[in-house]
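The next part holds the structures, each set out as structure tokens.
Below, chain A partners chain B and then partners chain C, in two separate complexes.
Up next is the complex of A and B:
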């Protein structure tokens, strides 16, 4: 069962006119595979996740296809999509405090997922909830299952969220910035937990983050997005050895963890000059053209074709070779 | 700190609860005992001054005023409970439906609520009673119906706020449909606001019932009612003003008690407000 996103586009209605949040995005995610989507705020990562789940905000227009298990999710009726959500496709959200209902016990919220899809009766669901809490590493699960979200710490809440998402043993797990609201010390624990659970159950995992470092160690493949478009895709280690897109390079260089440990310690954090383009007025050219130091005239008018740098490494940049030459991992 | 201890330390909640409980107790007690029969007419003993036998004196028919006040509390409590129940159940259901369906269903419900809301409450009640006929049951119905839009608007606004919360998105992501989300996630999260509004509506319902009875559209004689005590005292306002003052005090105290209770309840239920006050 492969999840194939083909030429996905998401357009949101805003007061200033249609905003192209995602443009022509394609990727595939097979059973047991893992893919990280990296990019800054507003690059379309979350909209891509919501499009897969069929949870885009009201008034959003979707184009392209999202094929899963032989069916196009975008053309599926509401109730059919409702049966897939939670059961086959599950999602972990960024803010564990706001993504849990404050007036319902943790156990009820986990059990609820099983009850919705008729996978257990009340008693069985609660027993399963205790087992899940134990599996995600929450101490004293028998007591916690009767507790409320505010009685848990941030990391524990995110573990409870993961338990909720895993309750029905989904085939695809989408984690949207699962650790951005957590302490650095807890981040790697949570990511490690998600990765080991995905491996243990043969789930496909889509890990979304703005932080290249967070994603890199936890996924087999990486997709870098900029302004609604995919710009570079590849096998993680291979890609880091030869990061080719000028934006991807800039994103990598500006990560604080790397900048601070580099041998030639810079006095200022490296940044990318210019600003993120306005997605309402952005034209057909490469969205990074205005900020790119290697820009050529054709970049501004037409989106560059994807070119393969290796069997498992592709980039959408006309000047990829020049760019690659100056890359020092 | 436990909820009970916090509640007792909250002055307006404690006072409001005490006053409300006093009147509720009075209503209950009057079911089994009043100093005199509140409907027994005694022509020889009319307009008597307060005495050990008649603590608050008697009215122009010789009925014991304290007994009427006590039995009148029954009427007010019954009207308040039933009318608020009608308004709350109907209004909250409509508000939740509007928030869950959006689109034209929401528009239709809310515009209908706006239409009802545009009439002054008392005028609406008078209109309804005029159509349905006067009497205690119709007065309750009328008061209940005019509080439907209040609850509908509040429920829809609060429910819409909850619908935008991330845990609702998470619930949808785990496959829950709109009705299940409404029951499990929306209603419990708006229950406290609704409860506070219910105490305010309770006070308004008592006021409205008194007004309708005063106009002769509510409880019919000989059912004891505070509103009718006022209208019966009106011709004697200069000879025996206390006959109007007693039911007036009863109405004012009950409404004040309920409002204090509602205010206190709001503070106690919403922890953010409590913290900013101390």
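Up next is the complex of A and C:
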């Protein structure tokens, strides 16, 4: 069962006019595969995830197709989509502090996922909730199921969120910045947990992050987004050996971990000059054109075609060859 | 919900520590209770002191000789210095002794006991009406946010807030008592003559009181529900596969009730005051009518005792509201006690 996103566009209504949050995005995610989507805040990562889940904010317009199990999810009615949500497609959100209902017990919230889809009775669902909490590494799960979110730490809450998402044994797990709100020491534990659970259950995983380091070690394939568009994708190892898009290179260079290991003394982090374009007024050209040092006149007027750099590595850049020549991983 | 106190240790509190915390909390609340009653008693006493009109003169009439009035003043204990009379009054109150009405020659506590049989059912009935109406309208408006249903409900609510309750009472009497003859236009048959007629006598006054309260409450419920619908955990519930309606009932409503309960408590206290007007329009022998008549008769003993009793009732209601918070929101159970 492949999840195929084809030419997806998401347009949000704002006071200043329509905002193109996602434009012409395509990718596939096969059974048991893992894909990371990387890009900075506002690049359309979260809107892509919400479009797949059918949970876009009110007033959002969506185009293209999201094909899964032979049907276009975008054409499904809300109740039909509801039967897939949580059951076949599950999602873990960024903010564990606010993503759990403060007035319901952890156990009730996990059990609800099973009860909504008629996969268990109340007693069975609670027993399953205890087993799930144990599986995601929460100590003393029999006591914790009766506890409330405020009694758990951020890391524990995210584990509970993961338990909730896994409850119905979904085929696809979408994790949107699952560790951004957590301490660095907890981040790797949570990522390791998600990865091992995905492998153990044969789940496809879509891992979304602004942090290349978070994604790199945990997914087989990578998609870099900028200002609502996909700009480069490929197999993770292959891509890091030959990162070709000027934006992807800049994103890689400005990662803090690299800045610290490159020299013995901490140095100033490299940044990408300029600012993210305004998505309300952005034209048809390459969205990175205004910040790109290799920019040519045609870049500004038309989005570059995808070029194959390897069988499983493509980049949407007219100057990919020049850019690639200067890349030192 | 109180039963699980023993099952889940909260923030590492031991049983003994929890008991101490509960005791400290109750002691603090009781101190506040006494301080508020003291303030209410001082205010009431001062207000009645400066109110023109001599109770003895009112009782004996304008033509009574000054000597007779002076004698009555002495008998009623009205001739001492104000501080002495104040201390005498609260001294008796503290021992649970209420005064005896000048006009009725009956202990105040007996007057109040009779009147409560009207006012408490009236307040409860109108609060229940207001809450049910506001919940339905508020949820409907929130679910139809910025669409026609929302605009209509908010328009009706604006109208409801603007209508004075005495005028609405008169309209209700004209429509349902005079024209349709469904209800009587006033008076109260008493509970001893059957539950049905007594309840029927309270319907129109309750509607008159509930309309304004429901209009205000519906607005609060609407905005509380809208705020809550934007919370991350609502999206989580949808991501689990819950329908929009199921999410509203299971996840939004209880969280939205937390701010609404505050308003509900304030409104209930307000209702006790609101009954003064409505009880008079419908000629209901309740607390509100008792106070108004006592003020007209300069029956100082009744006014001051009843006002302090109402103040005590309001404080108790606030305390119940605080307990309701803890019942709704588990975060408050451990933190504030």
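Criterion: the second predicted complex is superposed on the first by the 324 of 329 C-alpha atoms of A that agree within 3 Å, B and C clash if a C-alpha of one lies under 4 Å from a C-alpha of the other, contacts with A are read in each partner's own complex, and residues count from 1 in each chain.
Following the convention adopted for this analysis, a contact is a pair of C-beta atoms (placed from the backbone, for glycine too) under 8 Å apart; a residue touches a chain by one contact, two chains touch by 3 or more.
All values derive from a computational prediction rather than experimental measurement.
When both complexes are superposed on chain A, chain B and chain C occupy overlapping space and clash. When both complexes are overlaid on chain A, the residue A:294 reaches neither chain B nor chain C. Of the two partner chains placed by superposition, chain B and chain C are both touched by A:112. Of the two partner chains, chain C is the only one touched by A:151; chain B is not.
By the document's definition of touching, both partners, chain B and chain C, reach A:90.
Using the contact criterion defined above for the overlaid structures, shared-chain residue A:143 touches chain C, although it does not reach chain B.
In the superposition on chain A, the residues of chain A touched by chain B in one structure and by chain C in the other are 53, 55, 79, 82-87, 90-91, 93, 95, 98-104, 112-113, 116-117, 161, 164-165, 168.
Of all residues in chain C, only 4, 7-8, 10-11, 231-233, 235-244, 246, 250-251, 254-255, 328-331 touch chain A in the complex they form. Across the interface of their complex, chain C is touched by residues 53, 55, 78-79, 82-87, 90-91, 93, 95, 98-104, 109, 112-113, 116-117, 143, 146-148, 150-151, 161, 164-165, 168 of chain A. Chain B contributes residues 102, 165-167, 169-177, 180, 184-185, 188-189 to its touches with chain A in the complex. Chain contact summary for the complex, chain A toward chain B: residues 53, 55, 58, 79, 82-87, 90-91, 93-95, 98-104, 112-113, 116-117, 161, 164-165, 167-168.
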